[in-house]
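Shared chain: subunit A. Partners: subunit B in the first complex, subunit C in the second.
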Partner chain A sequence: MAAEAGPAPAGRAVLGSPGLRLSGRRLLAAIPVLWGVTFLTFVLMNLLPGNAAQELLGANATPADVRALELKLHLNEPFWTRYWHWLSGVLHGDLGASLTSGQPVTSILAQRLPVSFELMIYAFCLSVLLAVPVAAAAAHRPGGWADRLSMMVSMAGLSIAPYVLALLLIFIFAVRLQVLPAIGFVPLGQSVVGNIKSLTLPALAIGLPLACFYTRLLRADMVEQMQGEDYVVTARAKGVAPWQVLIRHAMRNSMFGFLTVLGLNLGTLIGALVIIEPIFALPGIGQVLLQSIHDRDIVVVEAVVLVFALIVVLANLLTDLLYALLDPRIRYGRPAA
Partner chain B sequence: MVGRLPEALLPAVPGGPGAPAAGAAPPARRRRRPALTPGIVIPAAMLALIVGACFLWPLVYPVPPPVGGSILDASMPPFSPGHILGTDPVGNDILSRILYGGRVSIEVALAVSLIGLLVGGVLGTVAAYRGGMVDTVIMRVLDVLIAFPALVLAVAIAEGLGPSEMHVIWALSFFSIPAFARIARAGTLRLHGQTFMLAARLSGTRTWRILRRHVTPNIMPQLVTFALLGAGVVIILEGALSFLGLGIPAPAPSWGNMIALGQGTLSAQPALVLIPSLFLLATVLSLNLLGDALRKRWSVR
Partner chain C sequence: MRFWSKTTKSARLGVSAGLLALALAATACGSSGGTSASSGASATPHAGGSLTVLEDSGYEGAWPAGLDPATNTSGAADQSYMDSIYGQLFELGSHGKIIPDMATGYAFSNGGKTVTIHIRPGMKFTDGTPFNAQAVVWNIQRDLKSPCTCKPTWPVSSVTAQGTDTVVINLKMVFAPIISSFIDSTANWIASPTALKKMGEKQFALTPVGAGPFIVVSDTLSSVLVLKRNPNYWQKGRPYLDKLTFKSVGGDEAAYEALLAGEAQVYENMSTPALLKQAAQHFTVVNQLSTSPYDLQLNTAIPPFNNIKAREAIYYATDIQPIVSHIFDNLYPLTQSFTAPGGICYQPKVPGYRTYDLAKAKALVKQLGGLTVNLGTINILVAKETTQALQTEWAKAGIKTTISSYDLGPLIQQFTGKKWQAMVQTAGAYDPAAGVGVGFRFSSLSPFSGVHDPRLDSLLNQASGTLDMSTRCKLYDQAAAYISQQAYGPFYFSFAPANIAAKGVIGPGLTSPLSSVVVTPNVPWEDVSNSGGSTG
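For the complex of A and B:
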């Protein structure tokens, strides 16, 4: 990496680069998107019939009781007042407290996010670690047996629903073989092995379809690079070994498309959490989201949506920065082809 | 009736399996590739088989009703007399539930893909063709929709309006629209610099005619392949909503809620999960294979 950075140290080159300015612009452009997402959520939650007070007290509550709780939770105030109250709180770094439990939202997030993050990272690592070598093996000889086999398997993997895969994995590994637990979560502090075991099946259920998607994507791009690009011809003519051309030249260039998709795909990963967590009874953010929508707990829903949107935005930003790191043309402000 | 995605969409595009005439092209034109390769025919036939079974079989060959079975027939294993695939714990015939449930899954997939194709396609084309403010406004709104966790919206709609087939279609359409719009926009932008577009405009062709006669046929291949791949995703998502109890309400069958219901008896009766899962897999797989084959054929990226 340092070799391509030329005389200037890589770090400073990245910091002062148009690549970073581009990222800064993207970050600024993300602010209205973040605002739009939270505003839309607020509107949506207000359109739902019922409110937190009614959900909390149940169907048998007297109207007077509901009214009293509504007053206490400020649910009687007009939409814009409540929205402004929430927004100014967030801008001051205060996410508020849950309408149903009174617990500060930050402490709910602190409790639940680590579980979901661990699962996401685990699934993400599994998918990338599986996809990259398989894609390389497939692209090495397009049309060969490794290529055909991996393309067939990955097509099947793409077509399987994550929840079906989850049930299948539970049936095989928990019911029949009894080697991994079907439900429950063991915190990292309690037992490292137990923690990894409790997250393996959910991570596989999320990660395997992703791995299939990544494999196909990376393989297609690498095959294209190998067939048409001048630098591949040059490298071959110089007598670079085929594997070297594939890994050091084609794959490095294929990483751009791959990174973009990785960034964009985080949204899918988050969606999968909401479905997979309840199946494995994992105390993560997905369950909180479902429960809080059901309870009309608008403060918690907003916080979770904000976190999700932030993750997507930051992931895209990170992608941009990685671009600059990988591609000297972006780093030095020359237009990329 | 909404029932047949490939048959309904493909005749509009040259070379699709719905347009066999394309294979018999005039000999004067050099034939590049046969119109119907096995890669296209096999998944298309599989889809036709599944769709045909779901919509026609119950009409031709009577099956027991999918709901309201007798508890006396409960939990019969596959290949029982009168119940080829067995019965579930409340005594409903599984084959019948698969067929009727398939109707729901296919209807939802078709409706969502069509709504996405039409609304998203028009939005994306107009955004790219008009440019400027129109483009910015449309794409910003769609950006928000994309950044919006789609499942939150779907869950909220199902929670607020109550679970039903119509509401599932509604909820899922919301996130098929931005994707179609982006593809249509990118496709239209690529056409912008082309000579034939310039020629059309210079010769005074009206905007709507340019969009209909020049832009639409050129971006259709991308949109149709995406619609096929997207339909598979929609079928999976419909099941996901059912899994959360927010899809098709319980006694009525859909593949998704059959899988979700079977979860409780996974160790005792895995067939309750496996059978609908297999149908789901076969449908999504053939949609994916067909989409992929058509993409290669039309060399769409």
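For the complex of A and C:
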């Protein structure tokens, strides 16, 4: 892409790179998005009944006890003061400390995020690796046995709640077959195989419904490409094998919509962590988020939401950059040739 | 296992798909047969080995504030961890008796206003510092100053040490349940003052130091707590286990499947009746002894329950036996008062108690010109199912009921807002005057009471100020009769959860029932052994 700008000093070439300019613009645009997310979260947490002081002190708390702790935690201060205090801390690189445990939020994130991040990547990869070949097999012969079977499995996968699916997977693979652990997490540093095994069922519980969704989407798009596009007719007329037309031409074109959905669906992936991590007793950030919402620990909730929002923004930016890789005609920042 | 190892991968997948369908069908059909509980085998304890215990992430499996006695507001739920790390000054033993543990005894003097507690001599915290009267006094004083409402609610005038092994607590008035209330207050857990001062409160809450049977190896809040044997524990030969791991898991179903998969050996406090039936086929299931019966609190300060006729209509419209039979499989005994089988002064029958009489209920509703009730409860399964059943029963008497369930925070707001009408709650404790006892739900001074009656207050105060147990119990009988006479709130059944243990695991609370502290029992993990396998 930089070659189009002609000879230039290396530094200027990099800075002038359309991809980099796009990244810069998108990251700048992400600032109000991230701010909006944190603000809305703060508003929602404040709308919830109860507060951290009440939750910390428990059911026996007298109103005087609660008031005293509210003063200590600054929960008595006006909404805007508290939000500004939190926001200015973040702008200075300080995410604050948990209202419940007093632990710095950065150390909570450092301890929990790697587990969730690994699970997210694993679930994402599983969903894509399952969806793409199945969709291709289904689109190869619409109405054929592979298509009908994939349709049936996809519908079943989309109909089962993740919670039920998780329990079913445990029942089959941990209780009956005893090939994978039902609960717990093995750190990567302790055992690579153990780590993969400990995350396989949770990743399947998250990834399978997504794979079913992606399969239907990709299959429909590929069938449409195969049936109506001129380039497919041309390729066929040239004698290109049907599988090659499907994989090298139709699938490549279908990837645009697929990539967009992958980026947008990252939020679903993150949301599933909150449900799945406690079932599999994984010490991840989803479990912390759930507990913090329950405890009205607004500092931790804000930090986790901010990190998740940042991941979604970055993932969508990556998606946009991948468009250019898939289609060399796309040049960001310049009119299409 | 052997069969599966011989099959091909594709065959496994095919069979897995079949199993998936079968499992779905099994889920749809629900549980079948099984006994409600099976008693564990009595075997000789086995020293060594490890044990993994699962806890529900919604209650016992949450320790978000850490494990410092003075600041852990979930102490009642987290007693397994706290007891394992700190031990207990007094414990609620197998026969529903308070037993000195790290204390060796106590005595009342000065007409009951002075309590002298003797501390077991020669004990040390796991950091090597002495566990003595000074440490106990320092902890109790810290607990009393703590803003946490888990602190002891004694009328204390002073707490002092006499020598190295004696603690003297002077009270402003006689408070008979002071020793009983150790077991449900933070004063029972003694932290190392040296370690706490050295680490600071925040760090100490994450890596606490006590003199209990186990030592913290690692602590991931509300997720995993790994403990190892304390070789210098005061009781020789205890604990039996070398390693004890607590894991937080998302609910009864997930825990049950993890037990079936052999990845844990114990699950504390299961309360799903259908799963209890199934669990009894594979594990030792022990239903614990309740100390806190479910009751219906009525707000007598506002309509409609400021009218005794409305309260009487509720008594007459409620038939609790079918509810306990159909929903809870007759697991829990019925009661008409705030006492329960696991506690002191147990008296399930109250003379003159209004029992189910639909005709009387209908007549009263007619006299009132109709009765509409907002019925609330805490957001847990047993309580919610009870409110749904009550709604159905009351409808037969013409009572229109709206039901709601609340998480803890919103529930407390309902009480402090004082607009609530009726709440299904638990009332009672091992000692009715301690913890969430009768006063918590029926005393004028409690913000969680719907009753404001000086005569009842006087009865309850007399009882808590009486050292003689038989006189105290008579006073509680009178209080129960008075609550019934005034129709201040019906009592239903004595709920206590069950503990599930794999074969080979033995110990109090796991192979024999224990009385509950607050709502759940207190398993002494130092007395638990595991001769079976473990993934620990």
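What we mean here is this: the second predicted complex is superposed on the first by the 294 of 337 C-alpha atoms of A that agree within 3 Å, B and C clash if a C-alpha of one lies under 4 Å from a C-alpha of the other, contacts with A are read in each partner's own complex, and residues count from 1 in each chain.
Here is the rule we use: contacts are C-beta pairs under 8 Å (C-beta built on N, C-alpha and C of every residue); 3 or more make two chains touch, one makes a residue touch a chain.
All values derive from a computational prediction rather than experimental measurement.
Visitor: Looking at the combined model built on subunit A, do subunit B and subunit C fit side by side or clash?
Guide: clash
Visitor: State whether A:Q178 touches subunit B only (first), subunit C only (second), both chains, or neither.
Guide: It touches subunit C, and subunit B stays clear.
Visitor: Between subunit B (first) and subunit C (second), which does A:S116 come into contact with in this model arrangement: first, second, both, or neither?
Guide: Neither: A:S116 stays clear of subunit B and subunit C.
Visitor: Figure out whether A:G271 sits in contact with subunit B (first) or subunit C (second), or with both, or with neither.
Guide: It touches subunit B, and subunit C stays clear.
Visitor: Under the stated touch criterion, name the partner, subunit B or subunit C, that contacts more residues in subunit A.
Guide: Of subunit B and subunit C, the partner in contact with more residues of subunit A is C.
Visitor: Based on the superposed arrangement, let me know which partner A:V164 touches: subunit B (first), subunit C (second), both, or neither?
Guide: both
Visitor: Is A:T41 touching anything from subunit B or subunit C once the two structures are fitted on A? First, second, both or neither.
Guide: Only subunit B is touched by A:T41; subunit C is not.
Visitor: Contacts for A:L69 in the overlay, against subunit B (first) and subunit C (second): which applies, first, second, both or neither?
Guide: Once the two structures are laid over each other on A, A:L69 reaches subunit C alone.
Visitor: Please indicate which partner A:Q225 is in contact with in the superposed arrangement: first for subunit B, second for subunit C, both, or neither.
Guide: neither
Visitor: I'd like to know which partner A:P49 touches here: subunit B for first, subunit C for second, both or neither.
Guide: Both partners.
Visitor: Name the contact category of A:T215: first (subunit B only), second (subunit C only), both, or neither.
Guide: In the superposition, A:T215 touches no partner, neither subunit B nor subunit C.
Visitor: Give the stretch of subunit B that clashes with subunit C in the superposition, choosing among 199-207, 271-279 or 289-297.
Guide: With chain A aligned, subunit B clashes with subunit C through residues 271-279.
Visitor: Shared contact residues on subunit A, subunit B side and subunit C side combined as an intersection?
Guide: 48-49, 164, 167-168, 170-171, 175, 278-279, 294
Visitor: Considering only the defined contacts, which subunit A positions touch subunit C in the complex?
Guide: Its residues touching subunit C are 48-51, 54-63, 65, 68-69, 72, 98, 100-103, 111, 164, 166-168, 170-179, 181-184, 277-283, 287-288, 291-292, 294-297.
Visitor: So in the complex, the part of subunit C that touches subunit A is made up of which residues?
Guide: Touching subunit A: residues 1, 4, 12, 16, 19-20, 23-24, 27, 54, 57, 62, 64-66, 73-74, 147-150, 201-202, 205-206, 220-224, 247-251, 253-254, 257-258, 260-264, 407-413, 416, 436, 440, 447-448, 535 of subunit C.
Visitor: Subunit A touches which residues of subunit B in the complex?
Guide: That would be residues 140-141, 143-144, 146-153, 155-156, 159-160, 232, 236, 239-240, 243-244, 259-260, 262-263, 266-267, 270, 273, 277, 280-281, 284-285, 287-289, 292 of subunit B.
Visitor: Which bits of subunit A are touching subunit B when the two form their complex?
Guide: Those residues of subunit A that touch subunit B are 32-34, 36-37, 40-41, 44-45, 47-49, 155-156, 158-164, 167-168, 170-171, 175, 267, 270-271, 274-275, 278-279, 289-290, 293-294, 301, 305, 308-309, 312-313.
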